[in-house]
Structures are given as structure tokens and as C-alpha cells.
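Here it is: the structure, laid out below.
Letters A, B and C name the chains as they come in the text, with residue numbers starting at 1 for each one.
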């Protein structure tokens, strides 16, 4: 049993910018010194989220529409009134989507389905260099 | 410390079909060669979710209503326009509910509360044989 | 590799009462006999949730507003009709927010960002002594 932790950086555009990070996670898992265990994907930050979806442009737009419908950008947020950041919607979306996801792996491959990808969603209101942490235990 | 992984298959009906999988998880945890650790429940697929709830038929209906109200089935989804699957709503619900849940266990028992059950929700638009992965580390 | 599990109790007020539990998690991680791994925060119960947010009073109110908008308290819930608990909204919010969060740590520090705090949200409709489980593997 061992722990392996890696940091990754991704350039994001914000406004529910969705990135398929499955290849990055798969590469990380393939090179581990152990074959079976779980990998946690964590975003250190309060305006992004991690989840899974079929990475297909139609449904990606559907997901963005859902976030906009449920937690609209153009509403009054107390966060914005107080700090003028204009990203109150980003914080609330992140808290609901959550910044952590754990995926098991076997034979050095993530257990995700064929049409299931691991995605980073950047909810912020501008460009970022987004830091991600991959941590495997196995 | 060790890792134990098991696959389970469940027949589901779709349309937010909710299954109490606590007994399956409890059986898995009881038979482990170690008594303390965490179990990850993961659905390999992009139209289901895993979470906890009180498994009581009233609140199960309330949860289904909430998903229907927040991410309605009868809306235009780009996924459906493109692929004709008719399950755009299933994908979006899954991405928001998420396909992974981690539960600690002690003395070979999941730490869930008395009125808290672990559920699989199948959001797809038809019957499935749904594969689940249970992975314990401890 | 080892597992360390700890129980914590917090007095909560309900109605989306938000508690910053980062200091409790950080204390737990600092005192571990290993420096690198992941900590799972789990609520044994079906009317609370765990997630991350910037713990700033404006955005905390925005989050509460979002839960009230998406899963209103003043609606008919079958759970309430059947059990008279009046906390149908609490159960549904908990199932969607989820009761589990995994956070990696390195050098005995949680990997959370500077403006990212770990929060317990008590969705119930009254005061509680809420039990939390912290479990570290590393």
C-alpha cells in the first residue's frame, strides 16, 4: 500500500468551461507502482467542480444550460454586492457540484465506463490557470 | 492495509429508479479481511448516480419530483437532437448527482446512520443491467 | 499505511445552518502519524451535507438562497404527509448535496485552497447535535 500525489495545471476559460481530464487521470493511473486502488481528483479552489459525464458536445451544452437555469449568472448575489467579484454564481455552482471525485481503478485503469468521462468544470468568470490534485491510494 | 474490489450487477427500470444498496454494501464490508477503512461505491456509466437518503417511499418520491422539477425530462436537450437517445435528462441528472460515493466503515460496519441508506438512482430512460463497483481500502 | 478514524460532534441550528469545519479537519490531519493521504468527512444522517465553499457570509447566504429556490421548504412533500416531520425539504437537500467529501492532504495539511473551506450544512428543521466522522487513510 502506498500514496502517490501529483499536481496538474490546466488553462481554463471560465463560465462553465468543461475539460475532459480522463486522459490525464488515465496516464497518472497507468504509471503508478501499484495496479489497484482509488484515485481522488480534487480542485483546490471555490469556483470549480469535478464530476463525470459523457463527453459529447451536445450534452456538455445541456449541462451548462442546467447550471445557468438552476444558478443563473444574472442574479443578485450577496457575494458580489460585498466583494464586487461578479462571480457569486461561480461559488454557488462549485459548492453544489463539489470539488472532489473518487474513482476506483483496477489493472492500472480507471473504472469509468466507455461513455463516461471525468470532467473539470471551471465556473469562474474569467481565464484561470487551474491547479488539480490527483491522489492515488492502493 | 489492502484493497478489495467487487463488482455487483443490479436490474434497474430507469426514470429515477431508486435502489437501496445498503445491504449489498454492508455484506461486502462484513466479509472484508480488515475491519476499518472506507468503501467507494462507483457506477461505471453516465446515466446513474449514487447518494444517501432515508429509504422511505414518501421521500423517495420527493427526490424523484425534485429531479424532474430541476432537470425535466420533457425539455429540448442537444444530446437528443444529435443522437436521438431521448436520455439527455438522464445524463445531466447523473452529472449533477454524481456517480461516486465514499463511506467510512468501522468494526466491519458502514458508518451510515440508522435512517440513512446508500442508494443507486438509475436516471436512464429504460431497463438496464447496471454494474456497480464496490472498493474497500483499509 | 494506516487508517485513523475520529468522531466529532457539532451543535447545529438547522435550516441550512453552515459550519466551517476546516479547522477541525486541519487539526485532525496535523496530528496524524502519517503526512500524506486522504481524509473522508462523512455525516451519519439523512438531513445534512458536506461540501466546500469560500466561507464568506455573503456567499453563504447565496448558497442558502439557492437551496431554498431549488428545493423550497414550503412545498408539499410526501415525506411530511406520511410522517409529519416537516423536514421533507431537508432530506431532499441532503440527498442532492450528499453526506460525504474526500480531501487529499500532503505534509499534514488539507489540500484546500486559501479561500476554500470545508463546510457542514445542516438542512434539518431544528437544533441538533450533529455527529461527524473524519477518517484518514495514508
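Here is the rule we use: contacts are C-beta pairs under 8 Å (C-beta built on N, C-alpha and C of every residue); 3 or more make two chains touch, one makes a residue touch a chain.
None of these values were measured; they are calculated from a predicted model.
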Check: Same residues or different residues: which describes how chain A and chain B meet, taking over half shared numbers as same?
Finding: different
Notebook entry, point to check: Roughly how big is the turn, in degrees to the nearest 5, that lines up chain B with chain C by CA atoms?
Noted result: 120
Note to self: Just the number, please: Cα centre separation of chain A and chain B in whole Å.
What the structure shows: 19
Check: Tell me, which residues of chain B touch at least two other chains?
Finding: 1, 70, 96, 98, 102, 137
Note to self: If we count contacts the way the header does, which residues on chain A are in touch with chain C in the complex?
What the structure shows: 1-3, 5, 40, 42, 44-46, 70-71, 77-83, 88, 91-92, 94-96, 98-100, 102, 133, 135, 137
Next item on the list: Report the residues of chain B in contact with chain C in the complex, numbered from low to high.
Entry: 1, 36-38, 51-54, 56-59, 61-63, 66, 70, 96-98, 101-104, 106, 111-113, 115-117, 119, 137-138
